[in-house]
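There are structures below to look over.
The following pair of complexes shares a single chain, subunit A, combined with subunit B in the former and subunit C in the latter.
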Partner chain A sequence: MAGIRIAAALLLLAGAAPAWAQDANAGKAVYERKCLLCHGEKGDGKGPSAELLLPKPRDFTRGLYKIRSTVNKTPTDQDLFRIITEGMPGTSMPAWAVLPEKDRHNLVAYIKSFAPEVFKEAPKKLELPKEVSSSEASIKRGKEMFDAIECHKCHGTEGRGDGPSRPELKDEWGHPVAPANLTKRWTFRGGRARTEIATRLANGVLGTPMPAFLEAVEKPEDIWHLTNYIVSLGPDSPQPATLVTVSAVRDAIPDDPGADFWKKITPSNILLEGQVIVDPRNFNPAIDLVSVRAAHNDKEIAFHLTWDDPAESKGDGKATFPDAIALQFAPQQPPGTERPYFLMGDATDGVYLLRWEQGKGVTEVSAHGPTKLAPIPGGEAAGKAVFKNGQYALVMKRPLAAAGAERPTFRPGVFTPVAFQAWDGGAGETGPKMSLTSWYYLRLEEPQSNRKFVIPPVVALLTFAVLGMIVRAARSRAIQ
Partner chain B sequence: MRKTFVALTAMALVGSAAMFVAGPRLAGAQGGGTVEVDVKYNGAPVVEKLKVNKDTEKCGTETAIEKVVVGSNKGLANAVVSAPNTKGAKPVKGMVDQHGCKFVPHVSVMTPGELELKNSDDILHNIHTYSTANPAINKAQPKFKKVMTEKFEKPEIIKLTCDVHSWMQGWVAVVPGIAAVTDGNGVAKLENVPAGKQKIEVWHETLGKQDKDVDVKAGQTTKVTFEMKGK
Partner chain C sequence: MSFLRSRFVQAVLVLVLAFVILRFGIRPPAPWSVLTLYMAIIFMAVLIFVSSDRDSWRDFISPIWSTLVRPERRVLRTVLVIVLPLLMGYYAYTQAAARPQAPPELRAVHPAPPASIQLKGKEFNISGAENPLRKDAARLKEHAAKGGEIYIRNCVYCHGDNLDGKGHFAPGFNPPPANFQDPGTIAMLQEAYLFWRIAKGGPGLPKESTPWNSVMPAWEDRLSEEQIWQVIIYLYEATGQQPRRWEAGEHGGH
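Now for the complex of A and B:
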């Protein structure tokens, strides 16, 4: 009995002690190999690559940490360990789960040594109000609170990070800082889990404009109603597509991006990356996702694109430029798997762009590289764009068939290579400074025919007729 | 054993109570003087005007960031004047209102303790302090939260900002000693300053800090002038 007790006590003791004895000196060695390039030798966030990054790497010397499970300034060791292990979505901070666990614990100790004053104060754990699970009523209450506490001032009416205060926001180091796009939970710095969202709401994001709301909601449980509302604003992950299907329709295709017609088509989400191959490179692309819907009838093909952009930009030509987006195709359906160079082709193999630009509308363009664009004379493309609450919705249309060597003809049933490019002119993107994709595939559905409505009933009728004849023959035989 | 402990505790209690009562009296018994501080600035006022693009019904369509306010006779307004080493200063509770998307007053003083933050604008503000000695806070104050109280226990001059309205800026000086803020003519009076040699300090948000030793005489007003230099 006593033996068991002692064993239990020992276990308890082992549990209470940190899982790893942290060794700051060992952590320093790891830091210098893995962290120094961004966070700097002195831990001040001024490593050699820092200037390319946005958000900027953390300056450990201030001891200010965004993601804490505590009410005071001091994060817990576990908070730091988690960020090291899982990284920070939407930033350049990768997940370091590849490092041995011991190294990561040692890193925590070393990072803390940059701001010993802050860590003299013990972390004070945040007590979240009792969890409220999601329901229609809770989401409704969350929306009420969202409006009452004016989240839209920074995050925008529909949560796309496009609020009126957005352009002025700075962190405590004076760097511009963007409010989170609440419809893209997978980019939340501290994670997309409900508890994480509730914690950010309750104690804020230190060093940024995001304040603590725990004492600023009407009732403590409103933190959970807000969480449930935020979760209702968008999907858990971007659910990226690999193929864009162009629906075959019989009717006319509406130009209006808001038409019900488009809501019936399932979107394909295409993820974009910054262009970092040629100068000027775009290390911090503004547009990371375009939702594509497409349809064709026997005459034309139409693309419906939506993407988030915090502000409509026509550009001043100096710091800002017109917003733009483009779909890229091979000028002629390539034989086999050969395609032009994905970055707008090259001198020998050009590409065809169906391009929309703020103020210019939809144009057909021939490109031989990212800086060699030439409008195609006699272009027949048209379209309409609408900007609302931090999102563009655009319809681009074109006849299926086209003349000339520079313009492709779209054929049903064929896998057609397609790529995407986008520019947030308000963020200074223009020319090669863009976000883009490599080649994807587009497939036009075969046109629907009347056959499927005619053949099955005819077959059914014939079957009944034959059955009837058999029955009749059997009966007459029986009578005989 | 227990008895001795009780007796000791009682003695300690009585002693501290006596000190508590005697403290302020002692300061009064020494006899205080008044220090009239005149803060001058020979430069031009610095005012940044900017257009407001949101909450215009509360904030107006234009606002001004008054970095240096100069009144008549080159008097510098909004400077904190203090006798930092004086003890037994009357406790002054901090009080700042967010009104018309400005911190009112722009500069105020308090003794270590509570700061009352009002929101009389009926819109969201957030109190974001740039404090280092005191805990840094960034707390939302939505329209329905009219009053919020925060504690600042350590001497420090704290910058207040609001991220929703980036032009909003205010200062609260937490001073354990006697302190005041200069008026529109650059004058501030420090009352009941203990007689004798006292350090008088002046601080301004953009023009920095200066101090001087002043001989304070009981029952009299001592005048002292500071000339702030442009940066």
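Now for the complex of A and C:
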């Protein structure tokens, strides 16, 4: 790289046409095909899709870049190349690794040409302190620093992006900007790798309220302790499930979402996406993941759901609404694989919703479309929700057997279609403005199945007997 | 290398080699059900080969026979009689203890379109229909640009900026959104087919496409007839694919 740069500099000195001018022209053609619809013809981030997106597409005319490996405002060409190649997780910027490498280099040259004055200043590379590998002591030190430099003010006590300053945060353009949810590393805009996290901590995220902390921490290596603490907050990827297994238990199922009982069950992570079919459409859903645990005994079935929501909202009825979540089932186990329309059914085929709403508690609802909801009388469901540090934990319970044709009956061993819907009322989500899933499967474990202990020995004994008989038969023939 | 002349060793080698090639030589890996089928066919073929004449068969059977009866092979015999049942038992355990997987959903990927659909109260013929916007070649670029705007405001969330079905909503949905870059999608379909799928979406799929898990909206509610044709032009223009043409006298699906 250094060699190429020197060579380029020599060419410039020699008065030859700058190598990148040609590249920028080639980059323009790629830009117009691939980037223009979001970033706009003038590079001002005002393409035809911009108004629907959050975060907004980058405005290249300001030359202000969030993700950079430098201590000044100028990113390196490699920084820009990396973002084009890997995209920005958690935003609408996809990874353009599909484009030929040359095209991506040309794009860098073209994008820089929107703000040539910014790139007059040479990028000054950040020197990260010597890496400290993760350990219990390092994580502890990181947590101390997390409190000392007040990360919690924006990112929240447990890092879910629910800090008290959250509502006031604005970026350089005046758009509201959400602090990162540190427990969801896969949504980190600049990548989830340790070096990336340490770099963001050290030199901040330009154009956003996230400052550079390299000078603010006590010792430079605290950057790595903080990194280790942040990495300890959550998994590397959401590991999405397609099947929710309902554990069979003998005892009573606790109502308390914080009970140890629930911690023993492995959660299934379900990804939720925006509802964009009926108005109002939700292009930027607030809730992207629900963790589901479920258990049943011979009488009832219970669902334990956890999901992140930056603020508990009861709703003022104008701009904010009550937070809510729903599990959707077909009222009757459908014949074959047919099932009602995933978006809360339609006029002919309705769905059953087991629904919790802030202030209302758990209700059972029959729906014939996203706006046609009718409560089912004679409530059989109950539940309890707890909100703490940017996360809801909820238990919803219901008898296994149903009363009436509008409610499903749950049977062990059957693959039952299930779908999920969630509303962050604080973000203005209500009615069709929600996040949702299409149909997944739910399966109730058969109670105390012992087949895995009975079948293998039987198979082994049978094989042994057959082999023994073959050997005996062969030997008796050999003797004859 | 005299042992290579043994029919038994040859048979085992052929089976092992075939398995290694099928298991590791095919990318992406073939499912186990297919492997099992192929291996069964190869096993039969090997049996036919070794039993083709009397000497060959005797040659094949002799190591098995001697292991079963010869006194000096007693140790090997005992080990086999103990190890084989244990292996079978272990296999049965892995099958019995496996966590159940969600059932696979078989569906027709490109179901046959209806001959005609109802569009905003009027009859619209699918079979034989051409994209009316292609008649005026001068305005094609303009239509593609308009189609791009429609795409980026409506379709991009699932089908992705690169039209490869990897939009940011895509990870949450099964079946996954169509990948238009794949030569198996729009390149092998007529534009009228796309018109039908865009206009009627998941809810308009025929019976053979149950379980109707497609989250594709019915865009007739949101886009005009012309807008749908424009976005179709954009799909072909942006991916560099060509639509399939109607064959002379072709009516109905394929």
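Please note the rule applied: the second predicted complex is superposed on the first by the 426 of 480 C-alpha atoms of A that agree within 3 Å, B and C clash if a C-alpha of one lies under 4 Å from a C-alpha of the other, contacts with A are read in each partner's own complex, and residues count from 1 in each chain.
What we mean here is this: a contact is a pair of C-beta atoms (placed from the backbone, for glycine too) under 8 Å apart; a residue touches a chain by one contact, two chains touch by 3 or more.
As the structure is a computational prediction, the values presented were derived from the model and not from experiment.
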Which holds for A:N72: it touches subunit B only (first), subunit C only (second), both, or neither? first
Just subunit B (first), just subunit C (second), both, or neither: which does A:E215 touch? first
Partner, of subunit C and subunit B, that touches more residues belonging to subunit A: C
So in the superposed three-chain picture, is A:W173 touching just subunit B, just subunit C, both, or none of them (first/second/both/neither)? neither
Answer with first, second, both or neither: which of subunit B and subunit C does A:V98 touch in the superposed model? second
Would you pull the subunit B residues touching subunit A in the complex into a rising list? 53-54, 123-124, 126-128, 130, 135-145, 148, 163-166
Subunit A-facing residues of subunit C, complex: 65, 68-69, 77, 80-82, 84-86, 88-93, 95-97, 99-103, 105, 148-149, 151-154, 156-157, 160-162, 164, 166-169, 171-174, 203, 210-213, 215, 217, 238
Can you tell me which positions in subunit A touch subunit C when the two form their complex? 33-34, 37-38, 47-49, 52, 91-92, 94, 96, 98, 240, 242-243, 245, 271-274, 276-277, 283, 336-339, 341-343, 346, 415, 417, 437-441, 443, 451-452, 455-464, 467-468, 470-471, 474-475, 478
Which residues of subunit A touch subunit B once you look at their complex with the stated criterion? 64, 72-73, 148-150, 153-154, 164-165, 168-170, 172, 204, 206, 209-213, 215-218
